[in-house]
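One structure, pasted below without further comment.
Read from first to last, the chains carry the letters A, B, C and D; within each, the first residue is number 1.
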Amino acid sequence: MADPVYETALGASTRDRITLLGQDLAEDVMGTVGFGELAFWLATQRRPSPGETRVFEAVLAALADHGFTPTAIVTRLTYLSAPDSVQGALAAGLLGGGSRFLGVTEDCGRFLHAVLSEVDTLPDDDGGWDALALETVEECRAQKRFLPGLGHHVHKDGDPRTPRLFAIADEEGLRGPHLELFAAIGRVHPRVLGKTLPLNGAGVCGAALADLGLPLELLRGFALLARTAGLIGQLAEELRHPVANDIFLSVDLNNRSVPPDPHA
Amino acid sequence: MADPVYETALGASTRDRITLLGQDLAEDVMGTVGFGELAFWLATQRRPSPGETRVFEAVLAALADHGFTPTAIVTRLTYLSAPDSVQGALAAGLLGGGSRFLGVTEDCGRFLHAVLSEVDTLPDDDGGWDALALETVEECRAQKRFLPGLGHHVHKDGDPRTPRLFAIADEEGLRGPHLELFAAIGRVHPRVLGKTLPLNGAGVCGAALADLGLPLELLRGFALLARTAGLIGQLAEELRHPVANDIFLSVDLNNRSVPPDPHA
Amino acid sequence: MADPVYETALGASTRDRITLLGQDLAEDVMGTVGFGELAFWLATQRRPSPGETRVFEAVLAALADHGFTPTAIVTRLTYLSAPDSVQGALAAGLLGGGSRFLGVTEDCGRFLHAVLSEVDTLPDDDGGWDALALETVEECRAQKRFLPGLGHHVHKDGDPRTPRLFAIADEEGLRGPHLELFAAIGRVHPRVLGKTLPLNGAGVCGAALADLGLPLELLRGFALLARTAGLIGQLAEELRHPVANDIFLSVDLNNRSVPPDPHA
Amino acid sequence: MADPVYETALGASTRDRITLLGQDLAEDVMGTVGFGELAFWLATQRRPSPGETRVFEAVLAALADHGFTPTAIVTRLTYLSAPDSVQGALAAGLLGGGSRFLGVTEDCGRFLHAVLSEVDTLPDDDGGWDALALETVEECRAQKRFLPGLGHHVHKDGDPRTPRLFAIADEEGLRGPHLELFAAIGRVHPRVLGKTLPLNGAGVCGAALADLGLPLELLRGFALLARTAGLIGQLAEELRHPVANDIFLSVDLNNRSVPPDPHA
C-alpha cells in the first residue's frame, strides 16, 4: 500500500510555526479571535462576521447550563467517584447529551431544514411563511408526528430565550429561512392544534444555528460545546459547595431491596 | 431524613424567567456576554474584565487544535464506528485529555503555584524572580524531578505561542506571579541544566490560567473546553473530507497475527 | 415531598451481609456462579440453565475481540494519551460500539423479533419457516430495506461462527423462533436476491440472544460486555507490545496541510 | 516510511477462519471456553486453570454490583437523558470507576506487590508473614500513609466477601504471597493501630487478582469488567422499574438558587 496521506486544514506545526485554518496561530488568532468566533470558524472553515459570532454566542449562552439537569448531576457524581479524572467527569456529563435532553436543538434544525428542502421558492413575506407553516403543522398532525421545538414543560407561557434570540438575529440581519419558518409555526399552530404552545428556546437555537449555515449533522455538537462550559461551572461549584455526596446518599439511604422480578 | 436542599448559583428557572449566575439569561447574558467570557464567569462565579477575557480566549485558541493528535484520531474513529452518537465521539476524544497529551497545562500551573505557596514575600523585580527560579530549577534537578512546561518535541527553538501569550498578558496588565516565575525559569534554567529548552506553549497557558485565578483543580478542564471546539472542527472536516476509514484500514491491513506471549 | 424510595433487586448491604438478586453474595454466588451466568442473571433477574449459560457465553466469545477494530485502536490511543485513566481508555473504546460496528447484533435481534411479533401462530416445520422467511425477504426487497445480518465483508463464503452457534443452540435444545427464522432467511434469500450471502456471525448472535429472552433494548449491551473483555486484552497487549504510538505517528507524519474548504 | 506492521495475538480473520489467541474461535473457543475464563485468557495470553478461573470469577462476582452506587446512578441518569445510546450510558457509568469508589482493588494489589518486591526471600510460615506485615503496618503508620484495603464504612465487623474469597483461594491451592501478606496484615494491624479494622472485600479482590498473575496496571480494569455486567443489570432493571426520573426530580425540585460566590 502506498503511504496514505491525511489532509487537514486544521492545526499544523513546523519547527517554528503553528497554523490553524491557514492562519498563523500565534500572530493572527491568539489575542484576536474570540473563543466563540474560533469555534464557528473551526466548524465551517470560514471566519464568521461579527453579527454571526454574536448570534452564535447567544445560542451558546442559551444552552450552557440549566442547573441540576441529569448531565450536571452525572458530572458531579462522576467527579465524586473518580476525582482523579476531570476528563472522565466531563465526558460522562456530555454522554447525557442525547436525544431527550439536548436533542431538541438538533431535531428542530433538521426538521426545519427538511421542510425547506422540499420548497422550490422560499416565501418572501409573512403571509407566505404562514402558509408554509400551516401546511407543515397540518401534515405533522395528519401523520401524528411530533413537531420538534414546540412546547416547554416549565415555560408554559413562553420561553424567555425565544423572543430574545429572534431579536438578536434581527439586529444582526440574520433571520434566515429556518427562523422565519419557526416563527411562522409559532403564529399558526394554534389554528391547527387548538392550543397555543410556546416556541422552545432550545428549538429556536437549532433554527438559528441552521440559519448560520452550520453543519446540520453537528447541531447537537454545539449544544455539547455550550454544555462543556456549563459542566466546568458545575465542577467548579462542586469543588467549593459540594452536593454530590448528598445526592448519592439521598438515593443510597432510600434504597429498598425487593425480590427479583424475572424477565419472561 | 429531612428533604435535602441543593444550592446552586448556576442556572435556575421559573415559569417566566431563567437566571444564570444571578443574571437574567435572556436580557443580560444572551447577545451581551461572549462565550469565552461566559465560560470564565461560570468557572469563577465572577465576571472577568475584558483584559482577562482576552488572555483567557488566547489560551483557549492556543489549545483548541493541534491537527492529528490522538484525541482527534479517536473522535474521528469513534464517529466512523458509531455515527449515531456525536456525543460519544466528542466524549471519546476528550477522554484522551489526560496526563500525557493535555496534562502539561495543569501540571505547569500546579507546579508554579506550589512553588509560590512556599514563598513568604513575592519578588518585585526580575532579579528576585531569577533567584527564585534558580532555586526552583536547582531543587528539581537535585530531586531528579521533571520540570513541567520546559521543552517541546517539535518547537525546539521556541514555541511561537509562548512569547505571544506573554505579550498579550503584558498588554492587558495581567502578567502575574505564575507567569513571572515561568518567564524567569526560562531565563535561568540553562545555567543549571547546561542547555536551553523552550518554554512550552501549553505550559505557559497553565501559568496564565493560574494568574487569572481559575481553579487549579480544573486547569485541565479549560484545555478540554478548548479541545471540544477543536474536536467539533475535526468532525466537521471528517464529514466532508473523511480520513477515519483510511486510518482504520492502514492499521487493519497492516496487522500481523503473532503467537500469544503468555504473561508470566 | 415525601421521601422517595428507590427499589432494586440488585446489590444490597447490611452491616454483616451482602445480597445480590436475593442471594447471599458471599455464600451463594462467589465461587459458585460463573461470570457469564451472573451477567445473564443480572440482566434478567432469573438464573439461567447451564444450557442457556453455554449459548450466552458462546455469543460473548464470538463478539469479544476482532483485532484492530476502531474500538480497539481507540482504546489503545486513549491509553497512550491518558495512561492515568484505565476507565477512560475502556469507556472511549466502548463508545465506538454504536450503529455501524457493533450494531448488527442488536439490529438483527430486533428485526427478527418485529417479524415474529406480527405472526399469529409460529411455524412448526422448516417449510413453514421458509414460507415466513420468503415473505420477509420479499417485503424487505420491495421496500428496499436492508436486511440486517445478511452478508459479511470478509467471510464471503460463510462466517465460521454461524454454523457453530446454531450447533451449540441445537445441542442445548435452545434453537428458538429467532434462530429458526434467521436460518430460514439463510436458506431462502437466494431465491429472492439472486445471490447467496452468508449469515453474519454478529447477526446470529443477536438471534440467539433474543431466543434466550434477553431484553431487546440491551442486545447491544451484551456485545459491549463481550467487548470490554476484549478491550482489556487490547490494553494488556499494548502494555507489553505497544503499537499505539506507531499508529499515531503513521497518521501524524503523513498529514498534509491543505487550505480551508469553507462550508457554504 | 516503510509500511508499519502492527502485531497482535488477539483476534484475526481470514476469509474462512477466525482465530483468537492462536485458537480457532468457532471450533475451540465458542461453546468451550466460559466468559470469565476467556477474559482471563485475553488479559494474560495464557489459558487459566479451572481453579484460577474459579477464583477470578469469584472476584468478578464480588465486584459486579453494589446497588445504588454513583456509577449505577450515573448509568441510569445517562440512559434517561440519552436513551438512544446504550454505549454512552455504560461508558458514563464506567467513568466513575476511578480512585475513590473502584480504586481499592487496584490500590491494594499494587501496595502489596510493592512490599513483596522489596523482600529478598518470602516468608514460609504465618510467623514470617506476621513479621513482614508488622513491619509494613508500622512503616505506613510512621509515614502517615493510608494502608489500602483496611476498613469498610458499612461492614465494620467484617466484610463477608473476605473470608469467602480466602476460602475459595485455599480450596484451589491459590493463596499466594499477596493474599498471605494481606491476611497477615489483618492479623497484626490491631497491635500497631490499637483497633481492629476489617479487611475490605474489594481489597482482598486486588490481592487475589495479583496472586493470579494478572497485570497490576489493569487491576482496575477487572473491577470495570465486573461492573459492566452490573451496569447492564442496572439498565435492565431501569427499563422495567424506572427510578432515574425520580432521582432527577428529587434533585431538581430541591434545588435552591443562591447568589454567586466569586472565586477569589
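FYI, a contact is a pair of C-beta atoms (placed from the backbone, for glycine too) under 8 Å apart; a residue touches a chain by one contact, two chains touch by 3 or more.
Note that the coordinates shown come from a computational prediction; the quantities given were computed from them, not determined experimentally.
In terms of the stated touch criterion, the partners common to chain C and chain D are A, B, listed by label. The interface with the greater count of contacting C-beta pairs, when A-B is set against A-D, is A-B.
Measuring from the averaged C-alpha position of chain A to that of chain C gives a distance of 31 Å.
Between chain A and chain D the centroid-to-centroid distance comes to 38 Å (mean Cα coordinates, whole Å).
Remark: chain A and chain B have CA centroids separated by 24 Å (rounded to whole angstrom).
Within chain B, residues 1, 3-4, 6-9, 12, 43-45, 67-68, 82, 84-85, 87-88, 91-92, 95-98, 102, 215, 236, 241, 247, 250-251, 254-255, 261, 263 each touch two or more of the remaining chains.
Within the complex formed with chain B, the chain D residues making contact are 3-9, 12, 19, 21-22, 43-46, 82, 84-85, 87-88, 91, 95, 213-215, 250-251, 254-264. Against chain C, in their complex, chain B makes its touches with residues 1, 3, 67-71, 73-74, 77-78, 80-85, 88-89, 91-92, 95-102, 236, 240-241, 244, 247-248, 250-252, 255, 261, 263. In the complex of the two chains, the chain B residues touching chain A come out as 1, 4, 6-18, 20, 24-27, 29-31, 33-36, 38-39, 42-45, 54, 56-58, 60-62, 64-68, 72, 85-88, 90-92, 94-98, 102, 154-158, 160-161, 163-165, 167-168, 171, 215, 217-218, 220-222, 224-226, 228-230, 232-237, 239, 241, 243, 246-247, 250, 253-254.
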